[in-house]
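Common to both upcoming complexes is subunit A, partnered first by subunit B, then by subunit C.
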Partner chain A sequence: MKQKYSFKGALISNLVPIVFLAFAAFAVPMSGLSIQYLLEEMITRLARDSLLVLSLIIPVLAGMGLNFGMVLGAMAGQIGLVLVVDWGIGGMPALLVAALVGTPISIGLGYFCGYILNLAKGREMVTSYIIGFFMNGAYQFLLLYCMGSIIPISNPELLLSRGYGIRNSMDLPNIRQVLDRLVSVNIFGMNIPIVTFAVIAAFCVFIVWFKGTKIGQDMRAVGRNRAVANGAGIPVEKTRIMAIIISTLIACYGQIVSLQNLGTINTYNSHEQVGIFSIAALLVGGATAENASIVNVFLGVFLFHLMFVVSPMAGKNLLGDAQLGEYFRVFVSYGIIAVSLLLHAWKKRHEMLERRLLENSVKE
Partner chain B sequence: MKNEDRKPKGRVGEFIANFGWPRIIIAIFLLLLFVIAPFIGIDIGTSLSDMLVRVGMNGILVLAMVPMIQSGCGLNFGLPLGIIAGLVGAVTSMEQNWQGLFGFGMALLLAIPLAVVLGIIYGYFINMAKGDEMMIGTYVGFSIVAFMSMMWLRLPYKNPLLVWGFSGTGLRTTISLNGFWMKVLDNFLAIRIGAHFFFPTGSFIFFALCCVLVWAFFKTKTGIAMSAVGSNPQFARAHGVSVDRMRIISVVISTVLGAVGMVVYEQSYGFIQLYMGPLYMAFPAVAAILLGGATINSATISNVVIGTFLFQGILTMTPSVINGMLKTDMAEVIRILVSNGMILYALTRKGKGMPK
Partner chain C sequence: MNVKLRRNLLRVALCLIAVAGGFLLSLVGMYHSIILDNSEFSSAGAVLPPLEGLRVLSEAEPVEMSPDDRILVSTKGPSTTLVFEITSPETQQSREISYTLHMGFKKQFFLSVPAIVGGGKNPFLVE
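Moving on, here comes the complex of A and B:
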């Protein structure tokens, strides 16, 4: 009986990656794109987005669900980059300084986010989602009205023509791919950004190490059961705030890595989609709101971006309309979050009912 | 925690307790804006009519929050489902070149059955995901908007006023209602005083009618059972009420109200926005009802009315006053901060958690 149930459970929790694999098997030949091109794209995108998705793991461990508030970290990273461009720093130092500027901002924002989430226990996901929107307002206020008026910006090219406020988009010529190109190896005509992957690997090691530390164990305990953890003397609220701060920090570095790859910032849009895409990617990789591992991250980024690259072309070849493929991929990224949250909630309830039945029969 | 959940819930007491500081601050802020306005050369008559038109335009969308909140399903972030039904109704009515009040009525008639079907499906989702309704609702809403974006391109609409001129297929992003049923409700028995003041009587009558219907519904046996499901599911179940069925009914009513609200919105706005247009439309409605004093598990008609007036008042007055004073357009930022701040405030109120 137990065997059968866990098999069903395993099937349900892996349903999302299975569906995506099936979709990829169908859409890749339809798109007519070469394997070489796709592999190259996947390597670029893995380097670009893995760190952002990694930032989601720690809050899941602490039982806080998918941290939509990671966009706060992305905002901090962008503030760092804007200032670095203004100060005229280029190359690797620019990235380091941007990270240095982003760090205290991320810690502050992470503390704020964690504090609010402690007031909304049991509704962390939707609350963190709204915090993202709310802070987006604050971010716009800071960059659109304060920079260049209250906060001095010396480079006039960054400012809007009215004299204050950062422009909508800017190039990062001295920062573009500095990390990717620092050491890169060419294999079969594909450039592999060794240092970027090394940074990502370092954060993976950090996460694995962190899970084993005292704080990491506390987090897991808090995630399992807050009341029990509290009884065991673990400072529940502090631990939860810590989880969000770490997530925000990794997201900040992730956004810096991601933007150095792209080479441009859309000052008011770059961060907005980051939360949605990262969370969709993680879920596509087979994670749930209660369980996420490093494997989920890489599998997810790979499958999600494969779909991303392939679907406009597949849509065009199949239906004669690229716009349709474009909407299709938006539909899939939202739909996948809806479906996996739904499956997960349903599974959780199913388990709870089963447990209650079991308890009742034991009592009788 | 447990004791806090079971506070005595007298109607008056609860209303006063819910009239917390954010509402008072916002109300004072709005009043201040109206006081300042004449000094910087803004016509009060115009501002007031702008606000009234927008209240009539958005009121029913805010009302669509009430049934789901009352049945314990939380804030209806899945409002886009109703909105989509309203869009399909409107576009289909226009395809037939139906005009005036008849066209408006037909749009409603076409939208409502679709809203019922979508509502039933959405209701099943909501029941699958007890405790996570709001997150699921958000993404079910987003998904259907994206799905319908594909459909707008493909559905066989032919009216040249609706589809792209050169290809002859695919609905336009923005469709004007001019010549169809633009402002049929707004202009119905409308009162004009002077050059600037305009009162959209028809929209207000319609809004009031919907409010009365919802209010009356919550006095019926089904309505009372629904509120019971929201405030204490165990108690409701013990009295032989099917919790899941009540929740589905509440979702259907919310979705139908969303559809009706959207058709009313369109006639007043004068344009139909398709594709990604309706993506975030649930958020202002959610913010408005919370601003009116609702919480995530209790809402009344007065919350709807007060909230819509306050929220739309802020939306109309801040741009004009702030632009007049500071010569910058900070309205968007203020809108983001106020509406999301309001939602955050409601989500973090202690002892107002959903029963586990």
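Moving on, here comes the complex of A and C:
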């Protein structure tokens, strides 16, 4: 039966992007920034961050919520880049080697994360958040103590003055924007990185194709109802692990693409913000912990970054202080995560109560 | 051949291809530093004087070298060809000598230009 279209329903389900669009409609003229400048910034930022946000779609499909554990993939990507810089590789081969190095690391970390999440069913989001913190310790141990002592690092410029451990920040001299500049088109004075967008498009196609495969359908079934999926003979735990591995792997490639655009690595911080930022962007795009699509990714990155660019200037022009605009943006953007997670918890609780009531009425 | 064995063989083959691809990409994308030294070179009793009117043509812009000069040339890839253009101060005649260096995975090289131009078998210097 065809579902009846409800304006109210559409408004409620798209409330977050509508609020952000309204905020943007108010803040863009206030900022005084030109449309061309804003478009150029948005294109750069879409190319930089879309792949990272795309990595969150598959775990949502598998009913595992928003994968805060994607930071593990970002760590793997960074390890690949650090090693590539040490080996003195540059250009496109550097990105490919970094991806090759990052791939087994992110598969291993993804498996580990998926295994832990299987032990904490129903509490995946908070568990993956804490796994991110836990693995951050392991990452710091690896880069601060093992690199240069156990893992040979031949480039002394990368090492701390004590002789081991990687410096806090490092340039990517022969890697900076190699993917973006491989083929770029200048339209109305705006540089459009064709290859970067082609890579992002390829991953979008992969996600769409993957959803239609047997494993993709299994993931959807597991996401809807684990008990029913298990009853239908779907290996629930294996499917969930696979979802996290794919997410971690895409996050690894996403971090490599993102850092080549920036041209510099903040060795111990770059990956930390990636999880929160990507999840906030996805939610701003209208996704929820149970439902996320590719449209949500692009809309979210666009709106989230529009706020980044516009808020300080709007705050400065409106209130005389750029920092006030920034405070407001942080409050709204990250408040969205809190509200969304709260709604998710409330909905789950409501569903559970309804199920109990139904069970009790059947018993009676 | 059963399915499990075939899958495992495929996995091993993919891993090997990835490792081989990594090596190949590293070889293609590796940057090397070549230090060229234009000072007196002596080997097996023969002494080769520094060259005058020397120009080095590499992947980067051409660089002129005076006697006792040292320059750093940065190149990318498994091998590079350096061209030395020597103009005689007396006759003003020029001659070109090409030297192909296969670098592999080594990052830094230290070469004597008089040894290369003089046809020395081992132009590598150790600092």
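Criterion: the second predicted complex is superposed on the first by the 333 of 364 C-alpha atoms of A that agree within 3 Å, B and C clash if a C-alpha of one lies under 4 Å from a C-alpha of the other, contacts with A are read in each partner's own complex, and residues count from 1 in each chain.
Rule of thumb we're sticking to: contacts are C-beta pairs under 8 Å (C-beta built on N, C-alpha and C of every residue); 3 or more make two chains touch, one makes a residue touch a chain.
Only a predicted model underlies this, so the values are computations on that prediction, with no experimental measurement involved.
Enquirer: Would you sort A:Phe197 into first (subunit B), second (subunit C), both or neither based on which partner it touches?
Expert: neither
Enquirer: Touch check for A:Phe206: first (subunit B), second (subunit C), both, or neither?
Expert: A:Phe206 sits against neither subunit B nor subunit C.
Enquirer: Which partner does A:Tyr334 reach: the first (subunit B), the second (subunit C), both, or neither?
Expert: In the superposition, A:Tyr334 contacts subunit B only.
Enquirer: Does subunit B (first) or subunit C (second) touch A:Phe308, or do both, or does neither?
Expert: Neither partner.
Enquirer: I'd like to know which partner A:Tyr268 touches here: subunit B for first, subunit C for second, both or neither.
Expert: It touches nothing on subunit B or subunit C.
Enquirer: Look at A:Val97 in the shared chain and tell me whether it touches subunit B only, subunit C only, both, or neither; answer first, second, both or neither.
Expert: second
Enquirer: Quick check on the superposed pair: does A:Tyr111 touch subunit B, subunit C, both, or neither? Answer first, second, both or neither.
Expert: So A:Tyr111 meets neither subunit B nor subunit C here.
Enquirer: For the overlaid complexes, name the partner, subunit B or subunit C, with more touching residues on subunit A.
Expert: On the superposition, B touches more of the residues of subunit A.
Enquirer: A:Trp87 contacts which: subunit B (first), subunit C (second), both, neither?
Expert: After superposition on chain A, A:Trp87 lies in contact with subunit C alone.
Enquirer: Any idea which subunit A residues touch subunit C in the complex?
Expert: It is residues 87-94, 96-97, 100-101, 103, 154, 174 of subunit A that touch subunit C.
Enquirer: Where on subunit C does subunit A make contact in their complex?
Expert: Spelled out, the residues of subunit C in touch with subunit A are 18, 21-22, 25-26, 28-32, 76, 107.
Enquirer: Mind listing the subunit B positions that touch subunit A in their complex?
Expert: 77, 125, 128-132, 134-136, 138-140, 142-143, 145-147, 149-150, 153-154, 275-276, 283, 328, 330, 332-334, 336-337, 340-341, 343-344, 347-348, 350, 353-354, 356
Enquirer: Which residues of subunit A touch subunit B in their complex?
Expert: 116, 119-123, 125-127, 129-131, 133-134, 136-138, 140-141, 144-145, 321, 323-324, 327-328, 330-331, 334-335, 337-338, 341-342, 345-346, 349
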